[in-house]
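Structure record follows, encoded as structure tokens.
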């Protein structure tokens, strides 16, 4: 898939809205309806928050990339950072118990997207989130 | 000034809204009030439209960059493309007569922004649009 | 951007919603010009109350609509201008060039 | 995100407008916890009708508010949930964990 939209921004919570806005505008050019677009933006927002909080541990000077692609009946949103390596859980994560203040991000990403894949190449972490267009499957 | 937000997209009119949205979200983190943010997005929208129509002559596969920076009491939005060289008018452009269907883009950019500067380096065209924050001057 | 046209005899009201920019203005241009050229409308009212943003290509479409109206001795009336589009028309010194009505009722007249 | 608090004796209504995400949730968290801890409020009503979006850090702030309320034998009531925040609470299986009122009047009781 060709990279259609690429955004490079600092890992700063103040750019979260900007990142979600880009994803929603990108999706507005695809076949997803409004509710699905919002949901996918939720998933991407969680992934970006994890880069900011965990990969970069709050160091807001570090930058990450947000890549949006469409092709083969699906959209794929990818984040790339040069932060801490992350060995993600192999199994789908259950939502935590109702008294827990955290631990819901990856669960939401997995619940909303069709595929969530973490990889590391060199010093770059990548998380790829794929969602098939309505009526398509993998 | 450090590059704070960078977007790389194809020179396709369908990404105009996305580009304006990024600029508005960027400006929301600065000291401009809502009406000024809208105006600056208008100026940047005109500059992007010119890249699409004139620099790339409608070839929607070519990409351009949108860079947003803040520093020294001003924001600077820059576009970079690898299209046709453009030798811009040295003098401020007057608005065309009321029967003309075109020729208002650069006028609007100049009317809204404090500085509009075109340069070319190698095969890259750049247009830098600067606007001082309320209460600041150059 | 979405366009809906309500035609009543020789008068049409064109409802636009969404931004009018280089991406969407060709459709608006065609709609308006067709109403004068092919449908022979004597009055076209453009309701812009759902339009937050108009760029210079949108302005160009409006100017072409007005030129076509004049050529056909017809009227092209704008209604419901929001702040940003109004400001862009002001900036480009076109605000007084267009017939602008305070309401759709006034425009239908 | 903006927060306004209307306090009436031992009951406070917190009006939030804008997205509640990692950028803004710390302020909401602090506001709500302070109302229970420092102001000794018996009921805090969170009006979310102007909130289009809540992320997991926002959810975490809500959960912490609820935990604090329980510890203090107080009530933490949500009102005006929009579709997307409601959906996020559903997804994380928390929708039935919170006291949700149909209107501010009902919440005030």
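Order of writing sets the chain letters: A, B, C and D. Residues in each chain are counted from 1.
One rule holds for everything that comes next: a residue touches a chain if its C-beta (ideal position, glycine included) is under 8 Å from a C-beta of that chain, and two chains touch if they have at least 3 such contacts.
Since this is a predicted model, take the numbers as computed values, not measurements.
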Query - Hypothetical removal of subunit A, resulting connected chain groups - result: B, C | D
Query raised in the report: How many steps does it take, at the fewest, to get from subunit B to subunit D if each step moves to a chain that touches the one before?
Result: 2
Query - Centroid distance [mean C-alpha coordinates] between subunit C and subunit A, Å - result: 41
Report task. Quick one: report the Å distance separating subunit A from subunit B, using the average Cα coordinate of each chain. Result -> 29
Report summary line: Between subunit C and subunit D, the Cα-mean centres are separated in Å by 45
**Report entry** Residues within subunit A bordering two or more other chains
**Finding:** 14, 17
Query - Sites on subunit C at which at least two other chains make contact - result: none
Requested in this report: Would you tell me which residues of subunit B are touching subunit A in their complex?
Outcome: 3-10, 14-15, 17-18, 21-22, 25-26, 28-29
Requested in this report: Within their complex, state which residues of subunit D touch subunit A.
Outcome: 19, 21-23, 53, 55-57, 59-60, 63-64, 67, 83-84, 87-88, 91-94, 97
Report task. Could you please specify the touching residues of subunit A with respect to subunit D in the complex? Result -> 13-14, 16-17, 20, 35, 38-39, 42, 45-46, 49, 52-53, 95, 98-102, 104-105, 107-108, 111-112
